[in-house]
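Order as written gives the chain letters A, B, C and D; numbering starts at 1 within each chain.
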Amino acid sequence: MCRWLAYSGSPVLLEELLYQPRFSLIDQSLHSQLGVETTNGDGFGVGWYGMDGGAGAAPVLFRGVGPAWSDLNLRELARSVSSPMFLAHIRASTGTPVQQTNCHPFRHGQWLWQHNGAIRDFSLIKRDLMLAIDPALFASIAGSTDSEVMFHLALTFGLQTEPVAAVALMAGFVESTGRRHGVEHPLQMTVATTDGEALWAFRYSSEGNSRSLFFSTAVSTLRQMYPEVEHLNRLSDESRIVVSEPLGELVGAWQPVPESSYGYVCKGADRLGDFRPATP
Amino acid sequence: MCRWLAYSGSPVLLEELLYQPRFSLIDQSLHSQLGVETTNGDGFGVGWYGMDGGAGAAPVLFRGVGPAWSDLNLRELARSVSSPMFLAHIRASTGTPVQQTNCHPFRHGQWLWQHNGAIRDFSLIKRDLMLAIDPALFASIAGSTDSEVMFHLALTFGLQTEPVAAVALMAGFVESTGRRHGVEHPLQMTVATTDGEALWAFRYSSEGNSRSLFFSTAVSTLRQMYPEVEHLNRLSDESRIVVSEPLGELVGAWQPVPESSYGYVCKGADRLGDFRPATP
Amino acid sequence: MCRWLAYSGSPVLLEELLYQPRFSLIDQSLHSQLGVETTNGDGFGVGWYGMDGGAGAAPVLFRGVGPAWSDLNLRELARSVSSPMFLAHIRASTGTPVQQTNCHPFRHGQWLWQHNGAIRDFSLIKRDLMLAIDPALFASIAGSTDSEVMFHLALTFGLQTEPVAAVALMAGFVESTGRRHGVEHPLQMTVATTDGEALWAFRYSSEGNSRSLFFSTAVSTLRQMYPEVEHLNRLSDESRIVVSEPLGELVGAWQPVPESSYGYVCKGADRLGDFRPATP
Amino acid sequence: MCRWLAYSGSPVLLEELLYQPRFSLIDQSLHSQLGVETTNGDGFGVGWYGMDGGAGAAPVLFRGVGPAWSDLNLRELARSVSSPMFLAHIRASTGTPVQQTNCHPFRHGQWLWQHNGAIRDFSLIKRDLMLAIDPALFASIAGSTDSEVMFHLALTFGLQTEPVAAVALMAGFVESTGRRHGVEHPLQMTVATTDGEALWAFRYSSEGNSRSLFFSTAVSTLRQMYPEVEHLNRLSDESRIVVSEPLGELVGAWQPVPESSYGYVCKGADRLGDFRPATP
């Protein structure tokens, strides 16, 4: 299991979210409060989009295999890179090797993807899952995680044109394949994915008992609640954070994403919707 | 392209072959004389069998992602581990990531496998090759190299019972798959594989112009040629070394393995044979 | 703060102590029960002496900068190396960089040294401490930890001839230097050191509130207490383990080392003694 | 021995100098043409200043212990970071450990420092050199290289106020200390240092036979010589590159820095001067 964060809004220095809040993501790498594992020391990654945006610009990836808490390069980058959209992830391996190609986020063109959870009995069904991946994408699988396979299945099912439908087809295919092999609850996931302009976050598990996921209360509301918190003034109204577990200590700052639902974040248009796996 | 070494014989300290000869394998990591690349700094590995042998005992693996020349742990092990049978490999990546799961030798049960060369246009035919792997072995592929896929194909085709025939079937299958995709010369390889008791080494390429491979002249002959070289007295008569390029400077110590052939080394029984890909 | 283990006795596979007990040292790297930090993921090390012993033989070192829990090479070594005397250490950095030269144990000739604790305000007094190190030893300091400086001070004060007196002089010198710079409680330590034949373990802190340290109950006693525990029969009567926190769940298996004392373990002769810093 | 590059001028993407030219710095990590060692695979580093400059802003450091040629994070950064002033270094260790704290450039406040060369018999005179370092700077030495000691000596002798004089005093002190210990030619160096606004480069050796160093011909001249080379139009007139060995293949693009001299680069004011060690 892992912890992750996704940000969309006015540009912020990465360190403002990765290092500065109490219970920041880097704190969680050593001492997660809500995670299945308290330590997330099996690698990390950040993927960010540049300030100028520019449709089609590929995000930049920085991924390391050591623990995030002691990575000096991550700290340097975090204090020098500002971004209006980024994903960050700290990993606790569920068995697959600790290597850069298994670190999230994963990238395909201008898309990023990160995951907390697991496909149960993945080794049992990995081959069947991989056979369903678009042959043109097959060789671009660089690592050995379930998460990267999920990403490539979603790409195969149309992530780049109909993201919610594609993730639903991916989830449905993982579940049907797993059940065919006798796995009772094949899928456990919170997922964030983005093309640099919009952000989608999913919370779902076959057993209806998914890992935690939270989104931040609207900045305008927070400013009313906490007029004394200065850094809220630096955020635009449409800024949003989605996280595995809350950062900081502002009461009321976080809303749980409901079971079996997804969130969509884009300038001036947020929404929550139901999420149901679909049959390919 | 890479460099490798295989040893079978009376137990020797690893460092006697890895560090001490001029042009030792570790020297070759910085300055290969015959390799396609002069630098082999993209990881390394050693797999060795214990002193007591014991049929069925799995070999021990030590693999690292940095250059062999600066690895202090390898140096420590090499001066403390003696083995009657070991493989050692230094890697120059042909594009796949530098990660432990891509380092040779690869292991399956008591078998080890290492490779120099490449499957040409591997990304084009990787999917078809992987589909031919025994489904029960599929999920044990941990890395992303052509070499590991070759190993698992050979295992699928019977490596553990008929090694030469299985490698011939693997080579034939890679060639037919490659040619079906329009690859002119699909396979380039020197391969060493062992179960801890016998050692097989193969030299083959589709174009009939294979990477170099040498085996050591019989120790009894070398002792007659070089009575003054003390360390030859510590080797048993049946000790043999197979290498990508010669170690040391003893003239006449090394014989080239001919094109399209294989060598078999076992106590009291060496032989060279022709190698031809076979049709599965 | 860190966790460590020292073993002296009949040869055992490293994995029997590093991996197999519940609450094993590798478990403690993720979930320490008694440590100041619950996670010890900033590197690790093992130093062991060979089976043949042989006075004067330098121990073998294996040290890594990643977390011990995910290191595949450590796992491989632990299942293949047997030793009658070894030290093992998992690190939680108190600020100095995560690098191999800062991993314990440290080695000088045939001596090993490992430490849990800290010199307080080390950066303030580091220069004065280093000036007191024998100039001939100065350049052999490879890392930047307080622990390695303590080792070299102890060597300067005669560790190789009068170990207990030398460690007392080291502790006294650290305390007087610290106090001269206004540090109230300069030293906090549990230390293990060995020349391969005997093992010394120290528990001391300036404030009289030292990190935990335990030694194992005599094997003969344990065999009477637990006749059903098979692996106790494989240990010689004089086998002893010293640890930062208990391994396993045998009630009565562990005795705390008292405050301000040291233990000495050698074939057929254990003893506990008072430890008091001395003035150089 | 190592290779390095320093850039001052209109902002460029790091990759334009690190990756794109034939014989780029990253090429040189595998195949240096002029270096004492052809392979520079023992770590690397880049230190850059932000686009907004802003006097007093500390540069950002990215340093890695693996070879630069295979570092994916470096490649990502190089295509996303633009800077008007940066240093880059690839390392071939002369014996000190391969660790991040031994990678160049070194940083102190807003200053960077990188070095190619060596202090001969460094281990012999290291203690005397370190005693001369300002005690307030002593504990900030994080690694074990001669280069970092040279930097801290230069800081002690006034680098931040009189850079050329301070480097001269450093060189003189290293030479007098070395000669007192019987070292014939104590110092071999090319050094680059910068505070983010100006850049100083030094070429000197005790024996008058220094490692190579080149600076780029004025951009206005190059544009006249090569009107067809497009990327020259993107550089400002005062842009300058200083390198251990030439990048690219433009004839006449590079001028050797003479023996025993230094170069100063700042907006609108370049100069070359004689460099002579001075007596502290």
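Things to note:
FYI, a contact is a pair of C-beta atoms (placed from the backbone, for glycine too) under 8 Å apart; a residue touches a chain by one contact, two chains touch by 3 or more.
Remember, predicted model here, so these are calculated numbers, not experimental data.
Comparing B-C with the candidates A-C, C-D or A-D, the pair whose contacts agree for more than half of the residue-numbered pairs is A-D.
Separation between the centroids of chain B and chain D, computed from CA atoms only, is 41 Å.
Counting partner chains per residue, chain A has residues 72, 97, 100 touching two or more of them.
Taken as a contact graph, with one node per protein chain and an edge wherever two chains touch, the assembly is complete, since every chain touches every other chain. Interface of chain D with chain A (complex): residues 50, 60-64, 72-73, 76-77, 79-80, 100.
Listed in rising order, the residues of chain A touching chain B in the complex are 97, 99-101, 122-124, 126-127, 130-131, 135, 138-139, 141-144. Residues 30-31, 38-39, 41-42, 65-67, 70, 72, 93, 97-98 of chain D are the ones touching chain B in the complex.
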